[in-house]
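We just call them A, B, C, D and E in the order they show up, numbering each chain from 1.
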Amino acid sequence: MPRLLRRVATRLLGSIPVLVIVVVGVFLLLNSAGGDAVDAYLLSIGGGDAQQAEELRIRFGLDQSVTARLALTLAQLARGDLGYSVALNRPIGAVIAERLPNTLWLMGSATALSFALGSALGVLAGRRPGSAADRLLSAGSLFLYSIPNFWLGLVLSVVFAVRLRWLPVSGIETIASGKTGLARAADIAQHLVLPVSALGMIYLALFLRVMRAGMVEAWGQDYTLAARARGVAPWRITLNHAARNALLPLVTMLGLQAASMLGGSVVIESVFGIPGFGRLAQEAVAGRDGPLLMGVILVSALMVVAANLLVDLAYGALDPRVGGPR
Amino acid sequence: MLPSVSRRTLLGTAAALLASTALPRLARAAEGGRLVVAADSEPRQLNPAIVASNGVFFIASKVVEPLAEASYEGDGLRPLLATAWEGSDDGRTITFTLREGVTWHDGTPFTSADVAFSAMEVWKPLQNIGRSLFADLEAVDTPDDHTAVFRFSKPTPLQLIANALPVVSSVLPKHLYEGTDIAANPANGALVGTGPFTWGEYRPGEYYLLKRNPAYWNAGEPHLEEIVFRVLPDRAAAASSLEAGEIQLAAFSAVPLADLARIAGVPGLEVVTKGYEALTYQLVVEINHRNEYLRNLKVRQAIAHAIDKRYVLDAIFLGYAEEATGPVPKNAPAFYTGDVTTYGFDVEKAKALLDEAGFPAGPDGVRFRLNLLPAPYFNETRQFGDYLRQALAAIGIDATIVANDSAGHQKAVYTDHAFDLAIAPTVFRGDPAISTTILVRSGIPAGVPFSNQGGYVSPALDALVDEALVTLDPAKRVELYDEFQRLVTADLPLINVADWSFTSVASDKVENIATNPRWAVSNWADVGLEE
Amino acid sequence: MTSLATCDRLTVRYPGAARPALADLTLALHAGEKLAVVGESGSGKSTLARALAGLLPVGTALSGAIRWSGPPPRPGRDIGTVFQDPGASLDPLLTVGAHLVEGLRAPLPLGRAEARARAAALLARVHIPDPERALAAWPHQFSGGQAQRIAIALAIAAGPHLLVADEATSALDVLVQAEIVALLRELCRDAGMTLLFITHDIALAGTLADRVAVLHDARLVEIGPAARLLAAPREPYTRALLAAQLDLASPRLVGTRP
Amino acid sequence: MTLLDARGLAKTYPGERRIRALDDVSLSIAAGETLGLIGPSGCGKSTLARVLARLATPDAGSVRLDGLDWLALSGAGLRHARRRLQMVFQDPAAAFHPRATAGGAVADALRIHRLVPRRDRPEAAAALLRQVGLSPDLARRPVATLSGGQRQRVAIARAIAPRPRLLVLDEAVSALDASVRARVLDLLVRLQAELGLAYLFIGHDLAVVRAVSHRIAVMDAGQIIETGPAEALLSDPGSPLLRRLIAAVPALHRKDPPV
Amino acid sequence: MIRELLRRPEALLGGLLLLLIAGAALLAPVLSPGDPLAIAGRPLVRPFTDPAFPLGTDGLGRDLLAGVIHGVRTSAAIGLAAALVAVLAGMLVGTAAGFAGGLVDEALMRVVDAFQIVPGFLLALAFVSVTGPSLAVVAIAIALGAWTGPARLSRSRVLALREADFVAAARVMGMHPAEIALRQVMPLALPPVLAVTAVIVAGAILTESALSFLGLGDPNAVTWGGMIAEGRNQLRSAAYLSIIPGIALVLTVISIYLVGEALTDVLAGKRQS
């Protein structure tokens, strides 16, 4: 295990310079923006006078120079303090801690669903490349892959939530329901069905395609031929050899898609009114809340780093050629 | 009809009595229940005494009350924390008689000290509107616990103050705020007021929960047990949620206009257009007079002629708006006059005006180019931007739409003046002195939203605005503002296109909707929910 | 001598290929013999191995016949196959033990524990040191020669009567090649297995096989006892092949000094 | 006359196991001589070839080539000096740019060293192709469409184009079929005679190395364990490795001498 | 290669569709002259009811067909521009990193990492919000999230090619490093990057539509995402407002994928043979 720990530590340390680049980049981007947090705030309250704006700038700490604020931000982040949101008037850490679970639920479920279904269908399609099932699944996945997720979300919500009333229209749970424990979990699950489907579909298609490609690749390898020569049953070759090997690129893909999935959840959260990271980012941008947007992007980036780390560890566990003693 | 307020009018319990007997459904309102309402935004801070805006009032007005609320009855005001108000002849003092037997939600009695504190420490120095309205307020005397005397350094019309009361006079508990950083007081997040509902819970991004105040001063109210404001920034989601029965009320046009016709036909839902009369929004084309073309009156007139207001009302507002004739909406009958210069839709005339102005069409049909910045906060302003671009194209003006988000728009138009034409939704706040005049008065520093940032200067207009500000006689004030409307429509510092208000969509189980002209931002003490 | 299998005018054409990979091939494989099939690249020798092992890809056109002396052989049970690249023919994600257990249980009615016990014995049979440890190891942890031994163990797991070695030594170092050839020889001797040995190295064929068949351009050129064929080739092609082959007795092409 | 003299070459590949690919290797090759280098896979043969061809940098050691301090050269100086030593790789398919034509590949070599005026280059390239036994008609053909033997001949033509003194042949015939291999070996021997070339002939097949080498060096685990004249060395192998290598060569036992 | 492409029915279908779409884009000013944002008739004409507006009109009376046709141009312009920027920038950085190696490589790859761990859509959202939406800004915003793929791909190709025998051969021949880089390696590093271009174009079109959907599209141009967003308010009463541009979007993206996939296959087949 120390070996594992060392790998984790190395990876995390290695991502520090990357995160610094992210912070500086986002900071500079926001500073080039037209309008600041005070402008946004004054608008939201329907106006104010010039002196009030000045007072607010001092209160929000916007009167200092760019470099001073950048230095302050970096120092703050180095202490693990995400700072204070002027738009929401609350500590950013607390805001993020509130929203993070919702996005994690959404992303986690979408990942699980698309990975499970995508790989299973990918096996089905790649079982016999060129077969009718393969052509159907390949065409279907291409179609799914081409549908914008927000549009799919709209269609799903009209059909299943508004028309059929099977599922809730929006939100992450029934508000102020007082539910706890399993009842609450069931409630959240119910709210997640549509957004997870809308978000996960495109990845399901992607994973199906990657899995299928991996299977096709595996069929060209000697080890599947050798297994045939040993008289191993076809289903066993499919699952135990081809699918298992095809899973490796899929796991890699999972890491690569983490960032994209987080981006996709921005739109889906907007469609389904889920108070998650995506909506927080939109609020931060609208409110010109630099520190908040920084917090959101930084924590998103950390999530992606974590996701990739997990994928690496999973890969190491799956593939004896990496990680283990050579 | 809102009759003009007489300086010496005494409003007493009689008005309140009248109000209660005039609303027969009130007695029948069901007790208890939870009303779930769509809220489209989460204000940064919810203290209505500091931030006088509809977004804040929508939630906070149920908890923190002003001295008076707007009313369809009598002279247009219903006493809340003040039972009467009287101005002195010299216009330098206004005396408020305060309601007795009112307690704060924490049990402390409400007294004139709270009013004095709120006025001097909050409204005057901190509140976005109060800062100008109460600029001349010198002191508030409290001869007894239930009398507050406002002393002004200059004559101040009672009419103006009275008209502004529902907006500017939310009273804060002195005992919680005194000696603290008021803007950062924790009570701004968990409000303490005298209203019919007490603060319950806030889950950011999800909901606000308000609970019944059992000790409300008006015995028998409120009827609801709880109000939940569910955060639904997306307007389409609000409509779907109403249909799915997840919410019972969507105010402030949370349901898009385009969907209203359909939703009106959904069983169990009703569309209510009343209840926003005192919350009129004005669709205004802001003009940058620094622009060489727009500096020319003929060009401004041509633009006014190029706009088919009828079409705007029908296509963009789907009929839920009024054609504007000038800077005061018809919804403010006390001040409105139709006796102004009007500009009928006439493309040929517009073209002729432009020719006269010396801007003939080029070979590509274009006379000159402008940029156009529609305010992004409303669908209607954006759509009108699309329309205006077309309308201008028809008379040979090539307009390019520059889209910014809210903060970017604010900076571009009101700070950097980086616009030729802008489209703004300004609010008419019941009295020209605290709303529409700021759009044309010169000398307003950069950075103030919804103010004259187009560089328009008219000494005559400035003088008129200033005079009206210190004119005590209501009739004289009205006359001055009539003249103001005439001047503005003649010289077109800006173009008023339409005045619109909001709609509510509610479950037909919700009782006592739209019982006053500021209903959505009033205290909802009388609202009930049928089982 | 009984024949195990006979190819009768066998012609094989891969899908989409312009020319057949095997044309009109008639050849008998005797029970218990070691037959080497020799040819240069593209001669069709690997196609012959795959046709006999039943491993031609789907869609391959086959005419003529392969006749077996008994019931049609089952891959794995009756025929074992060893491929050229030992690294590629083992699944990188399965332990050696898992390979063997799977290979044993596919043709034989064995329990998991039983299969595992036999697996260790098989590894010992192909001279893998410390078979118990090897069972838990991964394919990439073995050298090419060791991996090929494991592949051979897998091929002979079910005790097939025919072992097809398709260029089984070509990818290996000369020293290792010699060891593997020795192992094959030993296994055939001990188990009475028939060996079909596909190679491009006619000299190697000569040292191992009882009979040698020479393939050229999808056709059978010559077949005969190894000693005779090497010593007195009848066909010009065989002669040319032999002439190109060098051994330590071949005349040197350069002098002792430059 | 010594053409190449390498002293104390050492190279360790970084990584967890720090493989010592070259461990104090010294060798010399005389002008016009073929030194055969044999050893099991992984013994360091290819690393040695790459170090001598200046494709890899040794950790230690020195090389003199044709009077030059070979390892001290760099930049343009090295590029010009490179014409003295050329190399032929094992896989003739990989050694050419996928879009190279046979004539183009040879002409490139001429162009780089400005050996032939531009307009004479196609002619010179054709001549070189002829010299390695290829029809000049093949000049326009993409190398990728040629057979393995033809490709390796193009590779040899390209290598001799700048008129080198030494060719490093890294398993240059190992991937070829026996009949093709025999003809390429003949070609190499002929070119050596015609051009006075020296070869470092790296191979794993002792019979092939023996046939073309004047002297043979045996390499194991990064070290040269014995060196000597081909015949003498094979008739009296000093190391167990060489004895095993000899034993591993299958004998043909043919009666009639090969044609 | 064309013949090879034509042999695949999916590719044929995608190609035809793409031709149709490209035709619509090129001929948009002819097919539907004038400003597609112009108010052309009654609002909310249902599709297939009025021959003047085959696909109906939206809430402002704008011709939906005109919107769909001109929307192709926006989508194509942004898709191609974003892909061009992304591929060029990516290849530049990737090849530079691959060739330079060492510290330069390390630094460039950390920048690539930084862009890769920030969700591209989030970045685009922030960038467009802050800069103000115009076609160019949207294209750059999308490219910000898309260039890392080509960068990594070209770097790994360059690294692999640098180790190839033919590069070693060129070095031994004495070829100048610049010539090796530009004439030998670059042309081969290109095709795999180009093969993913189709995916980048399609992805850019989808991203643009999502940005427009969130109100971050260029207001002076018709965009399908913007049309869907506007139609969203009338999803229950006039679903066609969202459905029609949605279908146009799906068809465009799918045709690009089909053609791109076939191209990739054919290119890969070529490489193998």
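By definition in this document, a contact is a pair of C-beta atoms (placed from the backbone, for glycine too) under 8 Å apart; a residue touches a chain by one contact, two chains touch by 3 or more.
Just so we're clear, the structure is a prediction, and the values are computed from it rather than from any experiment.
Engineer: Touching both subunit B and subunit C, which chains are there?
Structural biologist: A
Engineer: What is the touch distance from subunit B to subunit D, in steps?
Structural biologist: Tracing touching chains, the least step count from subunit B to subunit D comes to 2.
Engineer: With chain centres defined as C-alpha means, what is the inter-centre distance between subunit A and subunit C in Å?
Structural biologist: 51
Engineer: Report the inter-centroid distance (CA atoms only) between subunit A and subunit B in whole Å.
Structural biologist: 41
Engineer: State, to the nearest whole Å, the distance from the C-alpha centre of subunit D to the C-alpha centre of subunit E.
Structural biologist: The mean C-alpha positions of subunit D and subunit E differ by 49 Å.
Engineer: Would you pick out the residues of subunit B that each touch at least 2 other chains?
Structural biologist: 236, 240, 243, 404-405, 408
Engineer: Among the residues of subunit A, pick out those that touch two or more other chains and give their numbers.
Structural biologist: Within subunit A, residues 33-34, 154, 158, 162, 270, 285-286, 326 contact more than one other chain.
Engineer: Would you mind giving me the full set of chain pairs in touch?
Structural biologist: A-B, A-C, A-E, B-E, C-D, D-E
Engineer: Flag every residue of subunit A that touches subunit C in the complex, lowest number first.
Structural biologist: Interface residues on subunit A, with respect to subunit C: 221-223, 225-233, 236, 240-241, 244-245, 248, 318-321, 324, 326.
Engineer: For subunit B, which residues count as touching subunit A in their complex?
Structural biologist: 36, 41-45, 51-56, 128, 131-132, 183, 188-189, 201, 203-207, 209, 226, 228, 230-234, 236-237, 240-241, 243-244, 246, 377, 404-412, 414-416, 427, 444-451
Engineer: Which of the residues in subunit A end up touching subunit B in this complex?
Structural biologist: 33-37, 39-50, 52-53, 59, 86-90, 95, 98-99, 102, 154, 157-158, 161-162, 165, 168-172, 175-176, 270-273, 275-276, 279-280, 285-288
Engineer: Tell me, which parts of subunit D touch subunit E in their complex?
Structural biologist: Those residues of subunit D that touch subunit E are 50, 53-55, 78-80, 82-83, 85-87, 89, 91, 94-100, 108-109, 112-113, 155, 158, 162.
Engineer: Could you please specify the touching residues of subunit E with respect to subunit A in the complex?
Structural biologist: 10, 110-111, 113-114, 116-127, 129-132, 145, 202, 206, 209-210, 213-214, 225, 228, 232, 235-236, 239, 242-243, 246, 249-250, 253-254, 257-258, 261
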